[in-house]
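Below are structures written as structure tokens.
Below are two complexes that have chain A in common, paired first with chain B and then with chain C.
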Partner chain A sequence: MPELRKDIVTGRWVIISTERSKRPDDFRAPEFAEIKKESLTFCPFCPGNESKTPPEVFSVREKHSAPDQPGWKIRVVPNKFPALQPGPPPPKKLKGVYQWMEGVGVHEVIIETPDHHQEMSDLTTKHLAKIIRVFRLRTIHIEEQFHHKYVQIFKNKGKEAGASLSHPHSQIIATPIVPKRIKEEIYGAERLFRNHFRECAFCRMLKEELGSSERLIYQNARFAVLAPFASRFPFEMAIFPLEHSAFFRKITDEDCTDLAEALKQALARLKLQLSNPAFNLVFHQAPNPQVSDKAWPGIDSYYHWHIELMPILTKVAGFELGTGFYINPVPPEVAAEFLRKELPVKS
Partner chain B sequence: MKKILLVEDEKMLSLLYEEELTKEGYEVAVVHDADSAMEKVKSEKFDLIITDIRMPGKDGIELIASIMGMRKDIPIIINTAYQSYKDDFMTWAADAYITKSSSLNELKETIKELLKEK
Partner chain C sequence: MPELRKDIVTGRWVIISTERSKRPDDFRAPEFAEIKKESLTFCPFCPGNESKTPPEVFSVREKHSAPDQPGWKIRVVPNKFPALQPGPPPPKKLKGVYQWMEGVGVHEVIIETPDHHQEMSDLTTKHLAKIIRVFRLRTIHIEEQFHHKYVQIFKNKGKEAGASLSHPHSQIIATPIVPKRIKEEIYGAERLFRNHFRECAFCRMLKEELGSSERLIYQNARFAVLAPFASRFPFEMAIFPLEHSAFFRKITDEDCTDLAEALKQALARLKLQLSNPAFNLVFHQAPNPQVSDKAWPGIDSYYHWHIELMPILTKVAGFELGTGFYINPVPPEVAAEFLRKELPVKS
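What follows is the complex of A and B.
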């Protein structure tokens, strides 16, 4: 019998379709499906091609190496052809009944390694921790310098996930409005805090998940990797800090190291158990504190930042688009059991 | 006289560009596909390349990647009817991305700027 499951925070319902279920093995992506044709000729992210990107705004690089020259380990550059033009938040305007504003924001690309052929899961934990520290630094910089309401950190890996280059990279887009999906989470968490739990709903959920371990995939001192109860996609994962915090920007250097390990474990499991599928990875964090404190007083008590990791193994079609219901053919308990297996992951 | 290679599969449009850019004082060579463009780049010296993206055979992005494999010093302008290719980071190999419009002013200004930098 299929199950209808509710994500308690967003209120989103999911159909866990066990009857249509294939075996977890059947979801393995065809090996080497991604053809890296562009790497054969030219890659604008590779060392030596720094002149093809806008000047870097931040980098982790070897001592005595000059900006916009080889010698970097991690490089942050503004998007050369951004969807939103750089600048501070514009005012909202009215056109009849419609609201609009100028398309202003911040769009940066984080080139994660000089090595075109490495993947995020191949990087050492130490290097991944440095990338996470760069995410934190850029979040704080963008929030304080540009005052945009929301900073979205994300990664598309593989063509099916929307990536156009295989050279490892992540992106940051800061927007002058708080996106609807984040607002849904904030309002849902606030409602549960006020009416039901009197504590953070994510913390309550984590307690249950760690207690039963049914959907737990990996855990270290500071982070847990779970298959969410109402997973929308097969083998969807979520990474939560065990200590309550609404703001990703507040993570410590020790947190970065443990998060790097958790992220590496999650990505390595995808790569090894499911033959390296395309995926989207998104951070969900509380909006810019300058905005949060006014719009959502007390958000620090009831919101909990986290990472969502969504492998692309099925296609979203008419029913999902029409209703907002997702049909997931792999129960998260089965996904967690499959992904939990001990792996030879080097740190 | 500065020499421009124009890669544009729409023949009527390429005639218009050729006429307008010639009036601006440039020498313009026109080809209608990526393979012919590569032949030209191998055999002649250009100061600037303007390329469309959607073309029969290899597209403009593949063409740019091939040119970059050979030489990186020729300024390239992407001139396309579509904004959506901005999502493709391979377009960063180009120096400018212009969305086609009935006015050629942006294209002409960009050419001037890029040739000034050279």
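What follows is the complex of A and C.
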């Protein structure tokens, strides 16, 4: 059973995968976040190999095709080597001065397309919108069924980003605690709401960004893609819904279409302008409403869900890891100017 | 002039190197943290090439040898491509909703030995103790002379750790703000002191760790090397002074010798047991006493300086970056058992 452990001083929680690495010599082998490569040529995510993953928990598939058989367009399966074991939220336990929990949660893989060779940026807007609707559905399902505090949707693309399989896929990890980074955003936004702006800090920031447009990369009716003012990484992007909302799960089908278009524009720009780098894509949303309503009453008025898109072009070094203080060699204004160029992106 | 920029919601500061990357196509070139490679064979840190670095600000050298000439054992020079421009702490400025500052600070390189082919773990304890004394001296000098809020001592070893030159060296970056990670430790330790332990949380934790010894790797009269309970990375280590102290700058010469021995033991274990991986080494100390005394009165009673040592054996992926939630495939107890084996380490 994996363990969740808390650093007593910083309050940072860590997943310790006690089951998956028996011997120190083994530690390179288990790539926690993905289904293990079974061979260099064999792909467990390709149609026909459905039996090589745990049984699907959801799929978008052709009428009359059976579960765990070909005919799917999008397929959701439990991770074969999950970072957290499936189950309901575990209680906090004590071990001397330390707090820990059993490593229980949810870890799912969303196989984005049957086509091994397509990348997320190659998918049609229509297909991307369907993937986003699957993210919404799984979020609601996990929150209501399993009551975990936080549902993390993310995608690692490319080896440098931590992906061990190249077949296009995203992941969901639901955790029994709210991750530190999300808590920081909630507390920061709450403080700004209360003491300064009397409105959502993200909304205020968006107003300024759309007004000046020097860091704006793409915009449609419902979403904007920006280079954040304090970008940590070269060509970092953020995607914000223009209409205020704390909960990703509340997006409408029309929102999904516009988000798909914004996401495609962002990804295509990375691919075409920056020679297809590895990247990490991370959703930041309010915690499970069952939790948020108690822990952060009013969160819906001051938190604003969004997506962070981090291309991997430089190394994160000791200074960053040790201090949380990032050094970015590309000003976001320069990045935005470079990325906002009109591109021949097909929907 | 580089800029320091604050993310309004999380309060995270970032260094934007506006000067060093004019064109997006350039962004891979400037390795911010190090003196640029001038060629594959030429090393600006080797004896005889002293004119290829900015003039030294300090050195340990043979009697009668002149500054910026061979004859040195340890040499401190300003970074030729500094992440922050040299100067006194700049004022905070506003740009719409955003806070920023001119990117002013200190960025120095400590060349640890004239011998290009020695690694830090190969140096004698005596020489390592001298390097630690240089760290102490530079810390005091920078704090008293330039009044920056925080002095960050760190070392990136190996390309994967962000180092661009292989000649053994450490770095110091002094910043006009206290880094987020350090602030988190200070606030966390203060809260634990006040609400729970009525003593330093690090001291309490050390008592437990030395008592059970399942995560203890090495110990001498004044220092302990541990695998932290909530380690983020496989084989992560932390070095703590056994005697409580918030300020690294207060270590005695005897402390330096024992710290050198602990550091050598930790580094030799990495090298011999784990095939010499790249690593990041980061000092965490209380901010400049001039600042600490005002901002955190009593910090000397609840904060405890220490060193984090992070071997680079796995990739940090999107889940970690987006959530601050690390997944570690090697339990620290397993790592400690593996690392604590008796080794033929020469002083």
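FYI, the second predicted complex is superposed on the first by the 307 of 347 C-alpha atoms of A that agree within 3 Å, B and C clash if a C-alpha of one lies under 4 Å from a C-alpha of the other, contacts with A are read in each partner's own complex, and residues count from 1 in each chain.
In this section, a residue touches a chain if its C-beta (ideal position, glycine included) is under 8 Å from a C-beta of that chain, and two chains touch if they have at least 3 such contacts.
A quick note: this is a predicted structure, and the numbers were derived from the prediction, not measured.
Contacts of A:41 after superposition: chain B is touched, whereas chain C is not reached. The wider contact with chain A, measured as residues touched, comes from C rather than the other of chain B and chain C. When both complexes are overlaid on chain A, the residue A:282 reaches chain C alone and has no touch with chain B. Of the two partner chains placed around the shared chain by superposition, neither chain B nor chain C is touched by A:244. By the touch criterion stated above, A:147 is placed in contact with neither chain B nor chain C. Using the contact criterion defined above for the overlaid structures, shared-chain residue A:52 touches chain B, although it does not reach chain C. By the document's definition of touching, both partners, chain B and chain C, reach A:162.
When the shared chain is aligned, chain C comes close enough to touch A:189, but chain B does not.
By the touch criterion defined above, A:83 reaches both chain B and chain C. On chain A, the patch touched by chain B and the patch touched by chain C overlap at residues 83, 162.
For chain C in complex with chain A, the touching residues are 3, 5-18, 20-21, 23-24, 27-28, 30, 32-33, 83, 96-98, 152, 154-156, 159-163, 171, 173, 175, 179-182, 184-185, 188-189, 192, 201-202, 204-205, 208, 212, 228-232, 234-235, 273, 280-284, 308, 310, 313-319, 321-332, 334-335, 338. Touching chain B in their complex are the following residues of chain A: 38, 41-42, 44-45, 49, 51-53, 80-83, 109, 162, 164-165, 169. Listed in rising order, the residues of chain B touching chain A in the complex are 64-66, 68-69, 72, 86-93, 97.
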